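In the two complexes that follow, chain A is the common piece, with chain B as its partner first and chain C second.
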Partner chain A sequence: MKHGILISDHEKAGGGGARRRTANTNANSEVAATRSTPAAALADANGTAPAPGGPKWTARRRRVVANLTGWSFAAPATLIILGLTLFPAAWAFLISREHWNGIAPARQIGWDNYRLMAQDPDFRSAVNHTVLFTVLYVPVVLVLGMFLAIALNRKIRFIAFYRTALFVPLVVSAAATGILANFVFDQQFGLANNLLRVLHLPRQGFLADRHEVMWVIALIYLWTDLAFSVIVYLAALQDIPTDCLEAARIDGANRWQQFRHVILPSLAPVTVFVGVWETISVLQIFELILTTTHGGPLGASQTIVYFIYNQAFNLSRYGYGSAAAYTLFGATLIITLGLFAYARRSKIEAF
Partner chain B sequence: MHPRTARTLRSAAATATAAALMLTAACSSSSSSSAKAADPNKAVTITVWTGQDVAPEKLLEGLAKQFHDAHPNVTVDISPGAPTTDQLLPKLTAAFTSGTYPDISYNFGSWATQMQVSGRTLDITDKVKDPSVQWAEFPPAARQTATPNGHVIGFPAVVDNLALMYNKKLFQAAGLAEPTNTWTWDDFRAAAKKLTDPAKNVYGTAYSVSGTEDTTWHFWPLLWQKGGSVLNSGNTKAAFDSDAGVAALTFLRQMAVDDKSVYLSQDDQKYADLFKSGLIGMIMSGPWQLSDNVAANLDYGVTYLPSFDGTNHQTISGPDIWTLYDHHDSDRAYWSYQFAQWLTSQQTDPKFNLATGNLPLRSSEASSTEFQDYAKQYPGAQTLFDNLKNATTARPTVPGYVGLSQAVGQAIAKVLQGQGDPKAALQDAAKAADVALAQAD
Partner chain C sequence: MMRRYSFSRWHLLLMPLSLVFLLPLVQMLLASFTSNADINRFPPRFFPSALHISGYVRLFRDAPVARWMLNSAIVSGIAIVSHLILCSLGGYAYARLSFRGRTVAFVTLVATIMIPTQMLMIPTYFMFSHLGLIDTLGAAFVPFLTSAFGVFLMRQFFLSLPKDLEEAGRIDGLTTFGVFFRIVLPLARPALATLAVFTLLNSWNDLLWPLIAINDPSKFTIQLGIINFQGAHHIDWQELMACNVVATAPLIIGFLVAQRQFVQTMSMSGLKG
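Right after this comes the complex of A and B.
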């Protein structure tokens, strides 16, 4: 596969370059060492310190200046990251070990929030909903995304229109989607139930039914989110070199064999990437819940992030909410690292 | 502030409003929170967070400007503070942490105790005893809410109560007699059943099953009428899972599950919209619904809540308050108090509350021309005003009420949607509520 060869060639070149660079650095430091040694020997012999402005001093000054220059470029971004990401994250961790309603003084309670969480049936059901949602949703979005991308990756009339039409929902904000969905899936007055009535099918509860609500939300989320995986797959498909496919055709591969043995392996890195991306975003699904069901009916659509929001901002249990947030962070990290490890072991260059 | 600007302002103040200042200074001779006496002539800026929507916010900004015109040395920095009133709580929380909290903030009544316990509020208990404040003119529930743990922390801002609103056209179409102030809940149930017409998507009544405070507070009047109470006498444990609570919830369950005459609203807005659109016969609602009804040209009527025993028409009031915050600055404290008192006075309040369609804060406003206009503009306003006397029990403001409210709201939502029985659901909720009360959140 030419694509693969190209990558490994590049890697080899890169690796070689890196090795050469290290060699150079070693050489430099050797030179520096040899250069400084006579000076030191000289200083020892004369019993005096080397004169200021000597080679050693200049080297140090040059290094300091280089460091300062570097940091003057890196410092603003570093400060922003420290101030807006790492500091709040660290603070949230401290809060997660407190009982704090935001107004009265906080009380240190160690790991009690985490212990409480392990026994909280509401938290467990939020985890169940989220995990179930992820397990069901991510494969669907991968398969459907790939299917649509292949369907859209051909030269037919109005192809630009189809692609745009598919992309539009991605641009719509989650809040607008939620409000729209409320109209469509309203139990009494919604479009969906009107359609069922015309078809003489029984009326459904949709967002008001505990057993249907997660499916309906998955459907709405799929509508907004599918375009992302389609776009990524489309880009990957157009990246497959035509001579590969040509070679396969000349070798007598039929359409299915071309797909199975050429296209599918080429899409593997993208699949891992989209899989990780979708998993992370689905684990954090929130806005759609907020704008449609508020976690209802009877908590049936409560996800982890909605649970965190409700605890922290509706009930002012900032400590408990932070603890749940940290648990989600830990779980997401483990899943992501797991997928990374899997990708590396099976030699898929996803990132 | 730059000293020179301050001096200029001060001299302007002295010439322009000497009389007004002397008057207000005389009204508040009692000591402020700081040891240092306030200097009413000093230039001061006070910050006010209103948590209001666009239209009422405009009115308040206009009033703040009037106050500034009368006291040029006082600048009132007034803003909503947060996009919705709900959002003021997290905003205040953050502001307490960073020390940038306002001098005056609009608060839901349920936050009052939390605010008082934070130690950041002014204590104006002695000041409101001044006869010129006419503290007793505020409805009792509003006064209780502004006085958590026996300390007055602010002035009532908005008072309301729940009454029964009904759609006259639907009653006529069903050939039913309209509700009266002497109705019983059995009358209510029978009418709701007759009004319900699934084919036309018409429901007799509605109840929110969102599980929020909206679900919960509509339930308290029924509990109280049955003789129950939300908390025990020491305010330490939940008491709503009593026989009274079970009976009240059973009544609602019969309507929702057996009669199917209740539209179960998954959020707190939809049932009001459907009532406005003429698809729901009766709802328990308050003054905030009036302007919507009028705007939708709805032919509606208002009565007291029905009673179980034929005499007790007890309702609930959810008063909101203007809380005053302590910045250890006697001048700011002085002017915060002056502004809040002025805003809620008999002269000023009609320009805010009546103009926005709320009930008047003070009983003395009933004779004002503004109130006459208001009652004419909004049918039923007079009934709602009279209904304040039925709000004899205040909604608890203990810390932990928010958690209690959510536990009860979810229990009610569960039962009305046909899951679980009233007794078990309320007992579970009481357990959760006890934890919330013990942890004060």
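Right after this comes the complex of A and C.
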């Protein structure tokens, strides 16, 4: 078998070599003859010496070399990324169908974790907090982000200061933000209650009050996160051709009409993008909860990802935690695709 | 014609808002220099009666903060170098080279952007444990070695470059690697700067991976360090705020120095998705 392949290869190579030789003689003998054999003309024009194996062998070798080169560029990044995303994603699904505390052997329990979850009041309240937070927060950040971007998109005095002041919280980590928030909203010494006292308003519990806690967390999150949507909107505003606005002005559009009919439509794709982005990140809010309230008081600020973290790393219920993680993943995916579908139907080219 | 810098009504909105946004950071800085007696006084005052550095002295005595900062610097340094190398190699492959499986691999890669990292924490924890990364700095930097977003960003940049220079390089006899390192990479400086800032922000500020994988205080990153420090010193506000100042200062200074680059990076992340 091996011999057979070798022989046939050799024959092919020989055949190719023979063809090449004839072509060369033709090319050497007469110019007219060269024109009649395109292969030789090509070989000469490229000025490359044909490989000893012949054209077919060379083509195959070239493809192998191209594949090797391509993959040696692409493989390191590709393998690491897939190894850190697809692989654990698949594994998480397997874990979600197990009863497992990380030490004792796992027990296969099918969909029991998911069934249990549907009846778990803690999980349900975590879902409620997260969904309510998302529904209230995302529209606010979209409107505020667009409004502030329009405000910052002009040449006025102090504009550099305004931009710096509004953007700087973006580089402050969730951990530092949480600790700072604990100080600012401290019931006795905090800046927030101090301001209320100066204004002769009643003192508030803030992070310690179960009815106020999610609102305060939304406010803190807005502080760290608003700059992102402002920056994205600002970049989009600067892409609007000035001709369009000028044309609208010449046609007699007032400020509001310019905004409504020129600016707003051209911001639609960015709005879809920022909306999806904010939805995904708010559905996963976790680090701020961990550094401020630990889900308290009395579970009033427990979000889905904090629930997952707590089940897995405090209670060692890895299977149950994974089931919750997968549920959130599925929900996120459906919401994201839904928003994209909505955008497509409204003829907004988001991406 | 509008006069430059005539009074704009937008100031009435922007000035108070800017001050409100800065207020927490200013208070953090002030509190780190205010004695606890001053902080705990009632009624509280915004400005301290005297400035003390005792908070910082106590901080560096009580906790290995310098070590945590060094750990974070190592993590971010490795993450940035690795990001720059792997993402530009990968981005170039997906922009310019043709090889088997290219389309499938690229589509899969971009699709993984949709998988949120927080949901992978349980299997990733066990993966780290199998790889022996628990209680090592590796747990903090391995997730940031490269990213689908980075590959995507570099690919978009390489696609925007004209092909002529690369072809000229080939005619001069350079190999694919030669073309990449001698011609393409020097042109990619703006994209690489964006990628570096992106990686710095993500890796320096990350809390999730060290949180689940590192228990040894000598291996803490600064973010994990301040969280644990808060747990242990929850009454000493001066020391806590000093700790917060130390943790946030590098990026805030970086932001003030290279604001344009930071803002550009953030708006480029608008490409993500």
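The rule we apply is simple: the second predicted complex is superposed on the first by the 282 of 351 C-alpha atoms of A that agree within 3 Å, B and C clash if a C-alpha of one lies under 4 Å from a C-alpha of the other, contacts with A are read in each partner's own complex, and residues count from 1 in each chain.
To be clear about the criterion, a residue touches a chain if its C-beta (ideal position, glycine included) is under 8 Å from a C-beta of that chain, and two chains touch if they have at least 3 such contacts.
Since we're looking at a predicted model, the values are computed, not measured.
Contacts of A:L201 after superposition on the shared chain: neither chain B nor chain C is touched.
When the two complexes are overlaid on their common chain A, residue A:F189 makes contact with chain B and with chain C alike. When both complexes are overlaid on chain A, the residue A:W223 reaches chain C alone and has no touch with chain B. Looking at the shared chain after the overlay, A:R317 reaches chain B, while chain C stays out of its contact range. After overlaying the two complexes on the shared chain, residue contacts for A:T293 are found with chain B alone; chain C is out of touch.
By the touch criterion stated above, A:A77 is placed in contact with chain C alone, chain B being left untouched. Taking chain B and chain C in turn and counting the residues of chain A each one touches, the greater count comes from C. Looking at the shared chain after the overlay, A:I280 reaches chain C, while chain B stays out of its contact range. Shared interface residues of chain A (contacting chain B in one complex, chain C in the other): 102, 188-189, 313, 318.
By the touch criterion stated above, chain B contacts chain A in their complex at residues 89-90, 92-94, 96-97, 114-115, 117-118, 201, 209-212, 263-264, 266-267, 399, 402-403, 406, 410, 413-414, 417, 419, 436, 439-441. Touching chain B in their complex are the following residues of chain A: 99, 101-104, 188-189, 207-208, 293-294, 296-299, 313-318. Contact residues on chain C toward chain A in their complex (touch as defined above): 4-5, 8, 10-11, 13-15, 17-19, 21-25, 27-28, 31, 39-40, 42-44, 46, 86-87, 89-90, 92-94, 97-102, 105, 108-109, 112, 114-116, 118-127, 142-143, 145-148, 150-151, 176-177, 180, 201, 204-205, 207-208, 211-212, 223-224, 226-227, 230, 237, 240-241, 243-244, 247-248, 251-252, 254-256, 259, 262-263, 266-267, 269-270, 272-273. Against chain C, the residues of chain A that register as touching in their complex are 66-67, 69-71, 73-74, 76-78, 80-82, 84-89, 91-92, 95, 102, 148, 151-152, 154-158, 161-176, 178-184, 186, 188-189, 191, 194, 197, 223, 227-228, 231-232, 234-235, 270, 273, 276-277, 280, 284, 286-287, 290-291, 305, 308-309, 312-313, 318, 321-322, 325-326, 328-329, 332-333, 336, 351.
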